[in-house]
């Protein structure tokens, strides 16, 4: 049975020692949804065609947060990310924005927390910029889709897309 | 019709000028869920009874992030929070952890972003500490429940609980 | 003769004690220029019409930096800014971008460092986004234009515009 | 024709993927000027002979900022700098301080933003410490002088010195 | 019997709610010692007479850290300090540097953590700058000397000086 | 005679250039004591048996601070730590908590500042959580115990344990 790695022998929370782990190329892809009222979606979309401000601001926030995960998540290591890409897609039918964050690094540990944090802060920034017209916006389905590199191999999420 | 306040007259993203807004007592309550496999829930619960480490670490991360929202969300103001409380409840039947974050401040603008960010980083920290045994953990239903203080009055979320 | 306030009686660098200063509304306006080759100016302008990405990213960076001046400038106080506005104007004839940063606060000390830092980081971000095509971009004429509030009264820069 | 690298195929602002770039030794040198009134220059110079406080504080601020460029400039990568040197020279004839910042790193991308940011924050700190006696101080001519390492080869600025 | 205030009714770590506390003027004074070999003390003293660099760098580090206590100490509130003073005295007989940090604020909670952190980071910076010649430097006797303002009244340390 | 490495030829404070230093595995161990009244020690111990909150919060603070040393200590390099472990032991007889922080890294410079900062912030967090019942808590004996890796070889502290 696999173990909770962030705990030492006495069961106390602890950083994972990665000193002896191999340096490999790492990729993680996370997704998340921001459920918004149709009329707010429409405004973001029109803005996107004209100036892209909501989307640009939210992406920048997500990229900047992915770079600072070690300051936010207590037991994460400081990593030098080699790439952070954030993509936003409007799903008018489902009335949500789908955020995809892809993070790459060449290092000793995975970058899934960076991808998930990138999605979360992008989503929170969208909330912030639209909250005056829609306070019931909901962030949902923030999840890891794929992870490559390192000892644990290639993970692809089975449920959801 | 209410307006997207984070945009200036030319439609560009912009901070809201709160110079002349009144100082009032502000409260915001946000909630969110972390869907986890039953066997991982069980481990967290046992740990909680014994030492509470997963839950303590996640709460600390959420509190610290709520204090730094202005560094994470580009157009948020720097606020002096007077209280941040994070509460975690295990729902074994639904197989999720419910996170509640309550933030208070005495200032010129609301604290909903602080409450929502507190929930999100608490949830991401739980993911981080449990990811070795459960990569499919999903963060969902992150939403504002209640907001008091300021010109816009008392908001209580109608849908969900 | 006026004194260098950031020095104590022995001449050592020191924070200014603002404990007993009055809380007043404060405004500061700073400006600066980014000299860029005409062909790069043209690209930014076209992008601005279409999507505004260079300009939006640079403005966001400037706003976020203005909020963190106390972490960057050693003897500055932590302030709660009530507004940060950044405006960019393309001067094709002079081949430069003019950045204007206006900062407001209600507090015990001025916000000129916040306005000047907002201009500087906006300018540096423009450099970063255009450096692949124009390494000789130069940041110039970063200066305080106006300052209101507090004991020292209303300052308006006489030279330059 | 060379391309703006910080934009993806759709023209949106984006981080540059450096995953596959080679690790080489990188050096960047930037300069900038702080124009100050002769009498303020004189004070700084006397202080420099006696205690060096203005200059030491400004240099420390510049070094610390160079290390945090990835938090300030949205699309910059987090880098491990191996050296940051800041040099200040008083030019009494021209009535300015000349700041030179030299940054080194062993990594996958250049360090010119770190050198330019080091100069800018050093200059802003000088402004802060002298603003009580000279509000018209102006930061100018902040520019990249030289850059070595990486695929783009050795750059030396042709104009200015 | 007085209570550990950082714990909620269930005994869990928790921020103290200061929403309803009064705004008063607050002062805290902390001290600490850095024990150093006599020959290293001598070097710092000579440098102090000439340029003051070790002492200036260490003071700046302490001031900057005092301003960021809320990011370092998990349950501390973000405060707007109105003054931070750090004083260093060389005690050749005792072979130590005595650091005194005085912090002021006008707010709802005390500033003793800011004063103690100011002392600690000043001391650590002295260690950093002298470690090449003296690895056995020891930080000791970091303690609160005095505290004024707020409901708990005036505290003056009885033991030590 | 060995030299103060953080100073350039003119005697000014300066970062150490590590560009050409070898990458080796580095370990540093630091210790420190928090002197607390016996009745407060007893409370922490009981809490530790039940929930471990004081100790968990303090450890998390120490780990997070060790990761951010380059932001706190002006001339320290940004390092990617591969492990940070913090251990707390209650010494009822001596009426103190003994904190041990072990830091590992694979890089070009040592990690003793990270270990010493980890101890210091853990100690300050304990002070913060217990200060309501014991304001006279004192931090003492913060010292480097051991250091391995790099050119300077293996250091083991001779005095104290």
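By letter and in written order, the chains are A, B, C, D, E and F; residue numbering begins at 1 in each of them.
Assume a contact is a pair of C-beta atoms (placed from the backbone, for glycine too) under 8 Å apart; a residue touches a chain by one contact, two chains touch by 3 or more.
Just so you know, these numbers come straight off a predicted model, no measurement behind them.
Chemist: Listed by label, which chains are in contact with chain C and with chain E?
Modeler: B, D
Chemist: Count the C-beta pairs in contact for D-E and for E-F, then report the pair with the higher count.
Modeler: Pair with the higher count of C-beta contacts: E-F.
Chemist: Select the chain at the greatest separation from chain C, using centres from the mean of Cα atoms.
Modeler: For chain C, the chain whose C-alpha mean is farthest off is F.
Chemist: So which chain is the furthest away from chain D, centre to centre on CA atoms?
Modeler: Using the mean of the C-alpha atoms as each chain's centre, the farthest one from chain D is B.
Chemist: Just going by residue numbers, which of B-C, D-E or E-F has an interface where over half the contact pairs are the same as at A-D?
Modeler: When the residue numbers line up for over half the pairs, the pair is B-C.
Chemist: Express in whole angstrom the distance between the two chain centres, defined as the mean CA positions of chain A and chain B.
Modeler: 16
Chemist: In whole angstrom, how far does the Cα centroid of chain A sit from the Cα centroid of chain C?
Modeler: Each chain's C-alpha centroid was found; their separation is 31 Å.
Chemist: Between chain B and chain D, what is the gap in Å from one C-alpha centre to the other?
Modeler: 38
Chemist: Residue numbers in chain F touching 2 or more other chains?
Modeler: Within chain F, residues 12-13, 51-53, 56-57, 60-61, 64, 74-75, 78-80 contact more than one other chain.
Chemist: Which pairs of chains touch each other?
Modeler: A-B, A-C, A-D, A-F, B-C, B-E, B-F, C-D, C-E, D-E, D-F, E-F
Chemist: In the complex, go through chain B and note every residue touching chain C.
Modeler: That would be residues 8, 12-19, 21, 70-71, 74-75, 77-80, 107-108 of chain B.
Chemist: In their shared complex, at which residues does chain B touch chain E?
Modeler: Residue positions touching the partner: 25, 52, 56, 59-60, 63-64, 67-68, 78-85, 104-106.
Chemist: Okay, in this complex, where on chain F does chain B touch?
Modeler: Residues 51-53, 56-57, 60-61, 64.
Chemist: Quick one: in the complex, what on chain A touches chain B?
Modeler: 2-7, 11-13, 32, 43, 47, 50-51, 53-54, 56-57, 60-61, 64-65, 72-76, 112-113, 116-117, 120-121, 123-125, 127-133, 135-144, 147, 155, 157-160
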